[in-house]
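Multiple structures are listed underneath, in structure tokens.
Each of the two complexes below includes chain A, the first together with chain B, the second together with chain C.
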Partner chain A sequence: MFRAILATQWKWSRGMLLASTCLAFALPLLSMRAADRALAESDARLLLGAVQSFGMFYALCAALIGLLVAATAWTSDHSGRHVYALSLPVERWRYVAMRFGAGATTLGAPLLALTLGALVAIASVELPAGLHAHPFALALRFALAMLLAYAVFFAIASGTKRTAGILLAVLGAIILFEVTGEIIGIRASPFLWFIERVMDGRGLFGVFNSRWMLIDV
Partner chain B sequence: MTDAIQTRSLCYRASEHFEVTDLALTVPAGAVYGFLGPNGSGKTTTIRLLLGLLRPRSGEITVLGSPMPAATPSVLARVGYVPERPHIYPSLTVAEAMRFHAAFHRRWDSAWATALAATFQLRSDARVGSLSKGEMGKLMMLLALAQRPELLVLDEPTDGLDPVVRRDMLESVLGYVAEHGATVFISSHLVHELERICDWVGVMDRGRLVAELPMQTFKDGIKRLHVAGAAGDMANAPFVVLKRDRSDAAAEQWIVRGWEPGMQSYIEGAGATVREVVDLDLEDGFVEMLRAARTPTTTEV
Partner chain C sequence: MRWIFLAGTFLTAIPAIGRAQSTADARAELDRLLPEWRAAREAAADGERLRRRDAGATLVERGHLRVMADSAIVGRVASAAATASASLDRVFGTEAAMLTGYPLVALLHGVVQNGDSTHVIRVRRPEPLAGARPGAGRIGSQERVISLRDPHAVDGDLVRALEAAASLPLHAALDDDLRLWLRSALSATPQSQETLEGAYVDLATASTDISRRCLAGDVLGCRKALGLTPADDPVMEGYTAAQRRMVVQGNVALLRTPGRAAEFDRCVVDSEDTACIARLRELSIERLASSYSPTVLRRGFAHWAMAQGGAGAYSRLRASAGLPIAERFALAAGMPADSLVARWHGHLMTGRPTTPSIPPLTAVATLFWIGACGALSLRSSRWR
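Here is the complex of A and B:
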């Protein structure tokens, strides 16, 4: 059953996965390209700055891949109003788990590409003294970020129009609250407060906000 | 096990304006049960309740001897379902759709599926989304049959199909039933289609089961009577009066259900005379039954 679901997931997302895999392979190489000058001058501080400034692209790429794979996981079931999935002789939780697992499995392709890209990137440069390459740590962080983004978007995408409506209503209420607060001079932003909480190092999405360093001390 | 499907006091509220009320269905094992009703009468909702796709508000459902929706996965493994609207993933090819379906059904018969695809002239490399309505219907029927079900649940399977495709599909169903003794639960609003193949009929209207009886009884028992004289109240008659119309000052036209030869004497005992008994075809009977069910004064249908 899982293989059948995996085959459908692959079919629905293979184009997007191919593009993501190419992008994931290219990212570490591009990060080294961005650090060309620092590498040429063998300047450790400059190199670390260049590598760090490139870090957000890994986070963005991981989030984007998670989002796209999650979206493709449910599109076909949504279009058939889930009748087919519900009429299959399998418990609902098991079907959802298999759908989740199939999407998560396909994330292996961009992850592998990023690992290979990182290995190729560090093999092609000579690091200044005191600096080390961390391709596997970067790959692990990328895997966690992709998986987290995928899990969140998978949960959102699995919902009905009603769920989407509730989420939009909550978002609308927050925006309304902030706009009203701005007008009457209250500088409270629950949205920013929430973002700060979930994105800081100990927050749920902390992995996106941490150091994405292919090269570090 | 004598009944393939049984529901008791089944209730489901779909919206403020529509609910299935106090539904008591009995589908004998091995029967070809026609589930008749106009559009919007609750046939599809009932089928979804039977298959565990919807959760009832109250009541009991037993399918193939197991309680629903508690035993949904194990029951669905034994049920072939053709829904009202195409539900198969449109981006798959016919061959991929068959492989996907087969992965979930242990009793899948690959050889027969291939043979059915050839019979139905379905190209294995055709994309499901590009199939015509008739081809889509055939593919859904193929998937339902090749899993070798004990119960086939078909929700308006031939609606909108041309007569040739319709005949092909129904023949494949009847062939399967003849060979395996499976039960068929088929919903439709096309009365004549069910008349040819069903041995039981249940009639739904506005979320209620209006009648449930053997097809032959239904066909034989619906009559138009030309009655002379003024018969009194027929509430305790051995037949059911669906409709009484005064045709002229001295005569009435009645539509009755459950009529049997010899029942004229009951009417004569009530002071009237049966001048003529006319057979109604199934569609007329069906229409009159629905009209009677919708008339507030009718207490029993």
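Here is the complex of A and C:
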């Protein structure tokens, strides 16, 4: 049954996955292109600056792919009002686990593309003395970030509209309190506190908040 | 009408030009103000004495360290002074004895930061300086301010502040050669792994001929990077073309002189390296060296060399005035200069940061969140 779900998942998302895979392959090559002046001058400091400033694109790409794959995993169920799942002779949790697994499996394609792209990008340039390439460390970070974004959006999409509404309402209330609190002079910053906790090393999105370096000392 | 106005202004200005102050007049004017300046200084000193009396200032003595501390922070200062004194003895040996003549003050002050009231500890030399020795270099006050916001960091910060402030008179007592080589006072604070990493990253990313040779383990390259051997051509060996352009650009006032403005513009605007090289030739060797021989590298080397020399290393370093700096460090460390530099290079290489993989805690946390989100999904309802 998992193979059937995987096949349908692939069918629904193959167009988007093809685009994501191309993007993931191109990212390391583009980062080297952005650093071509530093590479030409063999200037390590300039090169690190260029590579570091490009790092956010890896994070954005991972988040975007995770979001899109999670969304496509539930699109058909949402449009069919979840009747198909009701008609299957399996428990709900088993069905969801297979959906989750199928979506996560398809993430392997962009991951493989990024790893290959990083290896090709590194092979095509001569690094200044003292610097080293870390394609596999970057790929590992990309895999975790992509899987995390996928899991978060998958969980949100699997819930009811009411659950999503409650989440949005809570977030909106925090932002509203932040804005009005500043106007009326309340010295509390719950939104900033929330962002700090979420982006902390142990926080939900901590893996996004660090240096995405293909090349480092 | 306009002519009448201009003529009037001119006639009014003539007597004022005649009364322009000469140098002697200015000096006399300044001398006249001297008693007032002295009175103000005395008043400030009286105020400080009163403040200390009100605050119940107590003299803390730990080893050779003397600290006049406000009563509210005596316990904290005493504990920090004991640690700092041990560090000072370890690094400066018997030379640390001179610190008994140079007490420090540690004051508790209330400050307002971003609308919030908080307290800070200020560590500095007392004003006016007590017992400054003739012939010694200038001892700056260089106040260190420690915020009490983070209670876990206060004790460590206080120790580092005392170690840094106490090292100022020791630095001032050094001969000119060594003092200029060190550039600023060598603190007794042991070199941390972060500092070593910083020094390694500085060297690895400098991309100059000198730094590359040192990174590859060439002793002569490292001697040049440490400023122990002069570079044959600092402009070419110590900078990349991009760095040359940036240095020229950063020294507009000095290098864009009226006669050389065109050359400066060719360097900065057209990125013409020959123009940059010509412009940089006008900078002093010491100014050029500050870039390719960074202070953090020199300090790390000095700390490491003295640690190799053990007891009395600093005394040997001080006593060998007149010898080349490399020989002085060799004497202090008790090994030939080239061996010392080669072994320091090995030590520096241990500062290479680990692979930039995900910190284990972040990786575990990410897996946990993935699992948690997955588990939440499993609990979703099939009924809508």
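Quick notes on this one:
The working rule: the second predicted complex is superposed on the first by the 216 of 217 C-alpha atoms of A that agree within 3 Å, B and C clash if a C-alpha of one lies under 4 Å from a C-alpha of the other, contacts with A are read in each partner's own complex, and residues count from 1 in each chain.
Going forward, a residue touches a chain if its C-beta (ideal position, glycine included) is under 8 Å from a C-beta of that chain, and two chains touch if they have at least 3 such contacts.
Owing to the predicted nature of the structure, the values given are computational and were not obtained by experimental measurement.
On the superposed chain A, the two partners chain B and chain C both fit, without a clash. Applying the stated contact rule after C-alpha superposition, one finds that A:146 touches neither chain B nor chain C. Touch criterion met: A:128 reaches chain C, while chain B stays clear of it.
By the touch criterion defined above, A:86 reaches both chain B and chain C. Between the Cα centres of chain B and chain C, as seen from that of chain A, there is an angle of 150°, stated in steps of 10. Once the two complexes are laid over each other on the shared chain, residue contacts for A:207 go to chain C alone; chain B is not touched. In the superposition on chain A, A:7 makes contact with chain B only, while chain C stays out of contact range. For chain A, the partner with contacts to more residues, out of chain B and chain C, is C.
Touch criterion not met for A:69: it reaches neither chain B nor chain C. Of the two partner chains, chain C is the only one that A:97 touches; chain B does not reach it.
Annotation: superposed on chain A, chain B and chain C show a minimal Cα-Cα gap of 6 Å. Chain A uses residues 81, 86 to touch chain B in one structure and chain C in the other.
The residues of chain A lying in touch with chain B in their complex are 1, 3-4, 7-8, 11-12, 76, 79-81, 83-84, 86-91.
Put simply, chain A touches chain C in their complex at residues 41-46, 48, 81-82, 85-86, 92-93, 96-97, 100, 128-131, 134, 137, 140-141, 144-145, 147-148, 151-152, 154-155, 158-160, 187, 201-204, 206-207, 210-211, 213, 216-217. Chain C meets chain A in the complex at residues 115, 200-201, 203-207, 211-212, 215-216, 240-243, 352-353, 355-359, 361-363, 365-367, 369-370, 373-374, 376-384. Within the complex formed with chain A, the residues of chain B that make contact are 51-53, 72-77, 81, 83, 85-92, 96, 99-100, 103-105.
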